[in-house]
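Two complexes are shown next, each including subunit A; its partner changes from subunit B in the first to subunit C in the second.
Moving on, here comes the complex of A and B:
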């Protein structure tokens, strides 16, 4: 239990660092790779929880995370980038140092919120992971607001979803398998649909900048 | 009482020798490893010693426009760096001059050296010197808070800002560095190390290209023995920061005291860890391109955020 808790805490910290790295990242392709790495560590957390709690169905969730979020979604996005020939940098609305400080503040908020869920008499595996999950969630939201381009907003949405997944496994030790399956299918479909949507936005407006989507077109 | 003072004297002398002798070697090893990684032969690991000897034997040109600051700077920089080096634990957790001050004193001694270096850059009146000083100050103003936050994280764990206490608390807790707070603090301090030693994403030690140099621009007007002192001080500062990072976060093999057979073991561990850290630095330098100057604040903002996360998570985890 002690060891499991330590491993989960360590991995959760790495996931948080990667989330903050995403805020600071300027290149879309590296952004996608960071997302893949973050999902990989998430899968590792799931596997650790499955191992130490003897809950084999979480292993399935871990494997699905690897297949969908570490392999499929990044591949879909890499192809999209290649097809659209995007080479320009991500332009956040706020500059990077301010964004980083804000994400740091949001992490603090995450910890404060998670403290109220913590019950010392019942030391579950990875209650620290909940704090990280809430921080991921908040920083993901912030990242969505802070970005102009549709593709990076979708990536922020997916990292936000990573936060939800982390919260789910650290609080409940895994939802029923059928729910997990639904969620992963959802993510995959969302990535594909949003990929097509982004492509269409690009085709119609000659840009992915969502601030240009002001006029209705028939 | 007298005996303790004598022991302190021996410790200080030993650490002084180690600092003076080891610092150029670390620079040489890093240069050689970097050359090998780029499929060059490189000048050999003893080249910094040869450079120093040659520079000390040369004459000096002091610009006519300069004031006393120009001549004082090499001495101030050299001795403040050495003093800082004697206040950190190297082989043993017990820092020889640890009783004069903790980590804040070390940071500000290094800051004193940097202040004089920046003044000397301005003093010569050349535009490059002023440019280097301005850049150096911009970077250090951002790096210093990040460094403080990272060190405070470690200091909270030890309950003291004294480096002897910090290193003493670290002994025996071999796997402590896997705790999230320690990892954040380590990452923050590693970024600061890269910025402060003028390594590649921030500065380039090997260039004299006017657009990019920072540290080299400040010492452009120095020559001969003064230049040797400054180069030596720069490599000692690098060694001091690397040792600080190593001994705060990877306390393996750190000895409680300087005396006895353990000291040899301590030196061996120190060398091994320095070599490992040098390899890491070489890798970072080789796979990264130098950042644009206006991007450097972003890197240091990352360090600052990591440092504050580290501080926060010591209280909450």
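Moving on, here comes the complex of A and C:
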């Protein structure tokens, strides 16, 4: 139990570091790889929890994470940027140092919220992981607002979803399997649908800067 | 068995349209599919009335009066819209509305997308209303967003891409909050016996043990779910996708989105409201719902008053009405719940009629600006003009139409429940929307006669409009006894009395 807790805490810390690295990252292709790495550590956390709690259905969730978020979604997006021939920089609205300070503040908020769920009498693996999960969720939100390029907004949305997954496994050791299946299916379809949409926006506007989408008002 | 049939009919309709090679086959697949679905939904309503609840596969699928009402409304709107869509899309194809540069086969592919995605959208809505598991309900709700994104981009214009992007991103963020809320609700029930199994998130199980759920977690869960599904329902301040998406999607899709899909989003809120109010008492969720409902009604007023575009006007009216329904839910009790269910029924009929008749105007005049139409609707298209006028009177809550009764009931619930401020603001905001919609639409329908040529007759579209108009007038005076029983049953599910 002690060992499992330590492994989970270490991995959760890595996941959080990668999330903050995403805030600071300027290149789209590296952004996609960071997302893949983050999802990989997430799957590792799920597998650790499954191993130490003897909960085989979390293994399924871990495998699905690897298949969908470490392999399929990054491959779809890599192909997309290859087809659209974009290697340009991501332009955040706020500059990197300010964004990092805000992310740090959001992490603190995440820890404060997670405190209210902490039950010392119930031994569990999830205390630190839940705080990280809520921080991922909040930083993902911030990242969506802070980015102008369509693809990076989608990546922020997916990393926010990673936070949800971590919250689910640290709070309740995963949702029932059928729900996990539904969620993964939706994530995969959403990635494809949004990919097609980005491709069409890029074709029409010759840019995927969503701040140019401002014709509809009132 | 009945539940399986209901679920499989739209899937077959989607498959038939996907593999069809001719336009008429796709049209037939949709109309026949939705017609059959409507009959099955009526049968489901009858069975729910007779047996109370219907469930299948160990309670994985579960339908009570509330689900049956939402399914019935979705099926009715879908069948009318599928008839209307035949005329509407044929007209688009002939007049180059699908894009002039496209070849015949490209146009056919575009139509195939419409006729395949619409049954899939209806399928996800029905699946959602039948899912007992709150997580599965969430997944089906996400599926409704995914299936409707490409209906919003149907015309492929610059503005439709913008609308679809807003819809996808806001919908995605909203639903991720709803998923977080669902996870927290699952955690709230994790100390119950049997929560590890599949049924741990089943609504029918949770509602029986609502009093034992963890109170702190349920508080957080309800806020997250309200923000999440509230985004899908278009509650202010998360409503900004709504006018864009509604004015860019093809008219029959808009009619489905603004009635059936709105009902589905409210359905999810209602399920969580029932859990939360049984766990924490009705005050906590009620106050939050009243706040968001009043905010939505209030935000609609200025946008309605200065609106230049009639499809966006109707979208703001939908935001206003979703605010009204959320207020009814927040007031709760026997009267508020009955008002909510009646309002949901009447609004689905009136708003789909309003969007479809406004779609006729849009397609004939090729504009959705009031200034360019300038009162020539009645002269050019008398039938559409009369129906549009009637639907407008219904939607602003004029007697004898049903929305007057339901809004009156909600107002009575507000004043008798000592929510005086809510009642006063409700009247104030309703008056604002009333004035705006009345002035703008009357100016568009009735004006100085101009030399606009009279539109030719359109059997598919006019037929669907007349059918809906007859339904609207009928339910204003007389609701069939079984339907009323179903509405009362749904209200009982909400109020628990």
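The rule is short, and it goes like this: the second predicted complex is superposed on the first by the 215 of 218 C-alpha atoms of A that agree within 3 Å, B and C clash if a C-alpha of one lies under 4 Å from a C-alpha of the other, contacts with A are read in each partner's own complex, and residues count from 1 in each chain.
Just so we're on the same page, a contact is a pair of C-beta atoms (placed from the backbone, for glycine too) under 8 Å apart; a residue touches a chain by one contact, two chains touch by 3 or more.
Being a predicted model, the structure only gives us computed values, none of them experimental.
Trainee: Mind working out whether A:167 is in touch with subunit B, subunit C, both or neither, as first, second, both or neither?
Mentor: Only subunit C; A:167 stays clear of subunit B.
Trainee: Between subunit B and subunit C, which makes contact with more of the residues in subunit A?
Mentor: Touching more residues of subunit A than the other partner does is C.
Trainee: State whether A:16 touches subunit B only (first), subunit C only (second), both chains, or neither.
Mentor: Touch status of A:16: first partner only.
Trainee: Contact-wise, after the overlay, does A:101 reach subunit B, subunit C, both or neither (first, second, both, neither)?
Mentor: A:101 sits against subunit B, while subunit C stays out of touch.
Trainee: Given the touch rule stated above, what does A:157 touch, subunit B (first), subunit C (second), both, or neither?
Mentor: second
Trainee: Regarding the shared-chain residue A:75, is it in contact with subunit B (first), subunit C (second), both, or neither?
Mentor: neither
Trainee: Inside the complex, what are the residues of subunit A that reach subunit B?
Mentor: 6, 9-10, 12-14, 16-17, 20-21, 24, 96-97, 100-101, 103-104, 107-108, 111, 115, 128, 131
Trainee: Spell out the part of subunit C that touches subunit A in their complex, as residue ranges.
Mentor: Counting only subunit C, the residues touching subunit A are 133, 135-136, 138-140, 142-143, 146, 149-150, 153, 156, 158-159, 161-166, 168-169, 172-173, 176, 179-180, 183-184, 186-187, 190, 197-198, 200-201, 216-217, 243-244, 247-248, 303, 306-309, 312.
Trainee: Could you list, by residue number, the parts of subunit B that touch subunit A in their complex?
Mentor: Where subunit B meets subunit A, its residues are 178-180, 183-184, 187, 297-298, 301-302, 304-306, 308-309, 312-313, 316-317.
Trainee: Okay, in this complex, where on subunit A does subunit C touch?
Mentor: 116-117, 137, 141, 144, 150, 153, 157, 160-161, 164, 167-168, 171-172, 175-179, 182-183, 185-186, 189-190, 193-194, 196-197, 200-201, 204-205, 210, 213-216, 218
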